[in-house]
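Residue numbering begins at 1 within each chain, and the chains themselves are lettered A, B, C and D in the order written.
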Amino acid sequence: MSVTPESSSLQRKPASSRTVELAELVERYRKVRRTTERLCEPLSPEDCTVQSMPDASPAKWHLGHTSWFFDTFLLEGRVADGQLFPEQYRVLFNSYYNSVGEQHPRPRRGLLTRPSLDEVLAYRAEVDRRLLGLLEGAASGSTALAGLTEIGLQHEQQHQELILTDVKHLLSCNPLRPAYRRVPAPPFGDSLPLEWHRYEEGTYSIGHEGPSFSFDNERPCHRTFLEAFELASRPVTNGEFLTFIEAGGYENPELWLSDGWGVIRARGWRGPLYWEERDGAWSLMTLAGIRSVRAEEPVCHVSFYEADAFARWSGARLPTEAEWEVAAKRAPIDGNFAEDRLFHPDSASARDSTRARAPGGGGPVQLFGDVWEWTQSSYRPYPGYAPPPGPLGEYNGKFMCNQMVLRGGSCATPRSHIRPTYRNFFYPDARWQFSGLRLARDAR
Amino acid sequence: MSVTPESSSLQRKPASSRTVELAELVERYRKVRRTTERLCEPLSPEDCTVQSMPDASPAKWHLGHTSWFFDTFLLEGRVADGQLFPEQYRVLFNSYYNSVGEQHPRPRRGLLTRPSLDEVLAYRAEVDRRLLGLLEGAASGSTALAGLTEIGLQHEQQHQELILTDVKHLLSCNPLRPAYRRVPAPPFGDSLPLEWHRYEEGTYSIGHEGPSFSFDNERPCHRTFLEAFELASRPVTNGEFLTFIEAGGYENPELWLSDGWGVIRARGWRGPLYWEERDGAWSLMTLAGIRSVRAEEPVCHVSFYEADAFARWSGARLPTEAEWEVAAKRAPIDGNFAEDRLFHPDSASARDSTRARAPGGGGPVQLFGDVWEWTQSSYRPYPGYAPPPGPLGEYNGKFMCNQMVLRGGSCATPRSHIRPTYRNFFYPDARWQFSGLRLARDAR
Amino acid sequence: MSVTPESSSLQRKPASSRTVELAELVERYRKVRRTTERLCEPLSPEDCTVQSMPDASPAKWHLGHTSWFFDTFLLEGRVADGQLFPEQYRVLFNSYYNSVGEQHPRPRRGLLTRPSLDEVLAYRAEVDRRLLGLLEGAASGSTALAGLTEIGLQHEQQHQELILTDVKHLLSCNPLRPAYRRVPAPPFGDSLPLEWHRYEEGTYSIGHEGPSFSFDNERPCHRTFLEAFELASRPVTNGEFLTFIEAGGYENPELWLSDGWGVIRARGWRGPLYWEERDGAWSLMTLAGIRSVRAEEPVCHVSFYEADAFARWSGARLPTEAEWEVAAKRAPIDGNFAEDRLFHPDSASARDSTRARAPGGGGPVQLFGDVWEWTQSSYRPYPGYAPPPGPLGEYNGKFMCNQMVLRGGSCATPRSHIRPTYRNFFYPDARWQFSGLRLARDAR
Amino acid sequence: MSVTPESSSLQRKPASSRTVELAELVERYRKVRRTTERLCEPLSPEDCTVQSMPDASPAKWHLGHTSWFFDTFLLEGRVADGQLFPEQYRVLFNSYYNSVGEQHPRPRRGLLTRPSLDEVLAYRAEVDRRLLGLLEGAASGSTALAGLTEIGLQHEQQHQELILTDVKHLLSCNPLRPAYRRVPAPPFGDSLPLEWHRYEEGTYSIGHEGPSFSFDNERPCHRTFLEAFELASRPVTNGEFLTFIEAGGYENPELWLSDGWGVIRARGWRGPLYWEERDGAWSLMTLAGIRSVRAEEPVCHVSFYEADAFARWSGARLPTEAEWEVAAKRAPIDGNFAEDRLFHPDSASARDSTRARAPGGGGPVQLFGDVWEWTQSSYRPYPGYAPPPGPLGEYNGKFMCNQMVLRGGSCATPRSHIRPTYRNFFYPDARWQFSGLRLARDAR
């Protein structure tokens, strides 16, 4: 997952827009930080501490790491108070920044019963106090400080989604099947029929442009030639995926990439993560507990391998990330944001991994706010890509190998974190994220 | 570690002594149960939940499992109240009893953030309430009930020691090096000089006999022929072990069993567990935090392989368990019990893994209450051994392979749990227990 | 590695050219098959049988599998003689074709001491006898048969290279350091200075077109937009790579992809495969035995991770496969083929992994016949790609994930197997192939 | 397996018998060495080279190692010819002797395609030439030389058995199911009925005594007290073991040691090694190929865990090694040696793993020459055990941990290598040796 931003986009702003609205930024800072804490409110200290697999981190670690980010990249060298916290926090909460120093090994994050949750929350509060002091004392033209703050907030929003996916995985390991938060499931309409939308061949502009925020991996904006293609109007549904399962999709090697076939056999996969069959009926684990699989929801928690096999079985394929972006730049960000309050105070959707139906228009719908959509594109640098200088540059570029790009944004993604050029990325066997798929095909 | 007792010893009592002192048993029950909880008082909910390796269990699990034991083997079928607790507790807190039903997999005990610590403590309280009701309502001659209760208490005392060793391991994984409880180290005297005590050849009686409590693996009492041998007057000290390290003991394959040499190379061992060298000085992690290695203390946290290699390097050997028992039956249980209150309210010693000096007599000292002492004996059944019938018999016998016997009892062993015939056992590469060694040799 | 071709390119020939020159094909068949056997002549039966790692196969297996290919896809159903060979050959020598049936597990190919080398050679001879009979009896217009034969021969040429790389790995595992064949190293000139060649931005045609043979993964020919770029005139040399090593390249995490850094630390890599340092001097294992590392040769046996890190350290990058192809379509296939007879009777180069210097022209040189060159492109399908129908289609597409594309061809690649559109592919940590790199950069 | 002897037993001979019969020794040397080569005659160079698992070694390695033993411990320093062979043979063919120098890693013995089989046979021939020269030139009283020669021959006989067990495992991995040697199965009689033989309690003398050869681990002869016990008249048969399987023995955890239950579940064991069930009928792989399981043969290729579980299911137990020895010292070595010529020119039995019936007497039969019999004793040193000084002492003692003792000798053990005090030992999960079991029980 792209976790580190860079500051140059803000610095590259035309001079005329450089007067940063600091008051607005302070407000945004308060809101984002508060959201992270609210996400942890349903969790006990135990829930916040345990790590259920090396890919996932404890919520307490997320709380500490996002504060460490501000502490390290903004406060250090700018605030005279000195280090109030144990020196080891620099190591414990460093994720990957070799240029900043050592890191506590990722698979051992769950062994940190100390600092306690209370101590980590105190660390957060003190970082907030200092950072707000810094921001309030800054000259109104301090774009560098504003830029770094924005990066820190975008970074924190990424971890908000991870808190939900990681805790969902943790709770799913418990035979008691506890819920993160028991809320009634929202009402659902019928499935939308699948339609195909055509895009003509041509040279398209791909990537982010302009002064608004983006991560380095969305840049530079560049040209790509695309053949004519078609994109499905909506994501693949649970009902469609069930048909694939019942047609023997998981038993037929000819549908699978060789590596994918190896994975599903070695791990005994027979359906999406969190699905369980009992007496012929399928149920699934959600953040609100166990319930039945509903045919009309977008399928979620599938790996790239499963998405790819489903597409092959359908006689279609996954879109490239460029195809997806071409369509998305012409589509509304159509999440049903009125219901946002259930799991995530700032999320694109009220539901755990699903949406009932979207207000159809002339183009594809549900591109944002339901499930991340696997593309067929490997995560590689754009032409002309260069990581930004300094420690904050030591990031997105380091992961540009062996991972696949997902686009859109899920029900757990904060609304203000969603944009058409956003590149999410995971290993092809990962499925604890809210990941689904949408079909594409060559134009007829 | 031997975790399951059996009841037959109590049932075999001569009829004249069958009037069980129920009031005394109730008192003992209250005291042992309370001790377990006091051991957990310095721990946060996080500390009680995390599992640092598959061999160790979270303190919360120990709290639950010891209650499950009474719930399953005493309350079920005897108390009419019915099951007040979630059905899954039967699975979550079952350790190994296949005849009782399924078990939650041992390496996944640390994933159980629910039930919370409070819920587990409530489960304990309810089990106590019911069990005390049962005991108080029992006929005074109910030896079966008394026997089962005693087994449950002995079982719980085993887990009291494990709580300390498991939490010590957990805290040692944390770069903050937190202490379980910060107490001043007790004063120490000088090392005792090493003396040898001679025992003549002959046929000796080995194993437990009589009406007092013992586990099944200590029985039957039987005859064993021993050649004349000599036993060291005290355990090997840190100072002696340091000499071994400095003499290149960990680099010389000729000192090691082949399997041991493989283990120390694969894991990079260079000294006992919890020892660290910095700039030529050795320190060690204790339950009270980090401090210097003191030459006069018994060496602790060594594996069988290290104990065996040290003995070979010394020109001596480890005693057999029979040799050890012959000596121990003639020795006082000489722990310095006045200081018992530091870590373990009912422990044989106030110190973490060590004792300064023992009141010497005519025989070996410090046999009990400092460190478990590795013997050279594999853990195998005694001649005529038969596991008791029923689910409680499904225990000690199942582990009689691939493990080595330790004798004595450590600073973390409850005083009332120590006896000369007690057989503790661990795999030869285990060293997170309070394990040390004492030398023996063939008589000249 | 792409191992399976498909037949449609030949079938798509315009009708006017459909009269296949059967005599020529028969001659080519004899020559390719004989070459495979000559490659095994320096090997003992033991050398041909052992498998040194799961990625590599024994030479005997390659001999059997290439015959199985003709047996299965050409003879079966066309020749009346019936099955003369043990039924299990179908399983033993099947590589991956699920639609053909079961496969002997790849990591267990080295357990097949039977059939003996002689029996496998007899199987080859019988397949040859039958296939030549089939070809000689065919009508001159039998393009399907000719097409399948050509596929079988291209497939066999791929395995010729693998025989050399797999046996090189095997011999390198032997402390006796045996040579495949002791031949004097060819004379070398000086290194060529590095120059940069510029290519302008534009929409380029990429992929194979026309009636000549290609694999399915080289098709369809399609348009790609490229920004202006520059390509190095020659591959990176050993001398340049040594400078990288001496500058601490293997110790600096900032130069490496995150996955690559994990791999080099876990495996302790400090230089290319087969390199050894003793007393500050570097030597390397070749098919002709051990000799010194020569600065002027192209570096070989590096993984994608190492190629990528070297390029980053150089301030450059790897080319995309499209960039490489644009340059290669304008370059001569400039191998020094006069010396072809040393290791490989039909190889592009006489040397083991290197060439001294190439006859420079106006563009890059040494694109073919020295080392496979890692590109920065993930191995993914071309737009519009569809695997051919039938069992022969069950191939290249299955591997289009997690692997990186290499271009060109090595000193071990048969001359007639080299073409500018050829896509080779391996996992990014593989380095037992003859793999090197060439630098690229964005145009200034 | 005990592989290294020591010389002191011969040196301890009373002076009056010190005149060694050198002519007899020369004859014995020739015969044993020739036998090893004859055992390899049915094998191809490929068969002799491949290693099917880390526990097993290639036959070529056995041929080289047994020669290296004479080369290193007898020729070196005694023969002036100098080293005729590559220096690396010292490393390649060293098994475990750290005091002699480095060792080629055991799991990589199968990568040694060079030296070729012919080269290893030439090495053997040269070692023979030199050693016979040495023996023939020796003074008749050279007991040291005679003693070392005898050790080398006993050592070589151990490897003769391993050649058969290792090649059996290798051939079993091949789907072609090749035979080592196709010979007709010998005729069988009916099963003997099971009887129990009683032995009284008392102090027994255990271990080897006197001037004849024994390994160090059989000494010193010492006293052991045994309770009265009973031993079965014959080994457990296939028919009895089938009943155990059909009664669900492999599905019932209560029958198994905890470690054993873990092993059978992890590896999916459902019966002895080499057994296969098809359509309800069981067949097994033998050195003569596949054939039906015969009910009357001793069960073979079971692990200690399976032997232990079977005994528990039977209501009996395995004997201790002392019990077994007490019985065996009173029993005839009753192999049917007339048929010795089939697999092993000097073997105790003509059959692969079985014997039909034994000439019953007053005591147990078939103690030798059918299957090694698992005892319940861990492999530990006898009281007073000391390894001999010098490099030859670096052996049996190193393995005295984690292994279980087997007694008797199998159909693949050379006749002259069998004796009642012989201690064989393997890990409790090993089953590629010819290992079976015999029941014991406490006397009634």
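To be clear about the criterion, contacts are C-beta pairs under 8 Å (C-beta built on N, C-alpha and C of every residue); 3 or more make two chains touch, one makes a residue touch a chain.
As the structure is a prediction and not an experimental result, all values here were calculated from the model.
Placing every chain at the mean of its C-alpha atoms, the farthest one from subunit B is found to be C. Remark: subunit A and subunit D have CA centroids separated by 61 Å (rounded to whole angstrom). Subunit B has its Cα centroid 48 Å from the Cα centroid of subunit A.
In subunit D, no residue reaches two or more other chains under the touch definition.
Here the chains touching each other pair up as A-B, A-C, B-D, C-D.
Subunit A meets subunit C in the complex at residues 96, 98-99, 203, 222-227, 253-254, 256-260, 304-305, 308, 320, 376-378, 380-381, 383-384, 394, 398-402, 428, 442.
Here subunit A touches subunit B in the complex through residues 44-50, 52, 60, 86, 88, 91-92, 104, 108, 110-117, 170-171, 173-176, 178, going by the rule given at the top.
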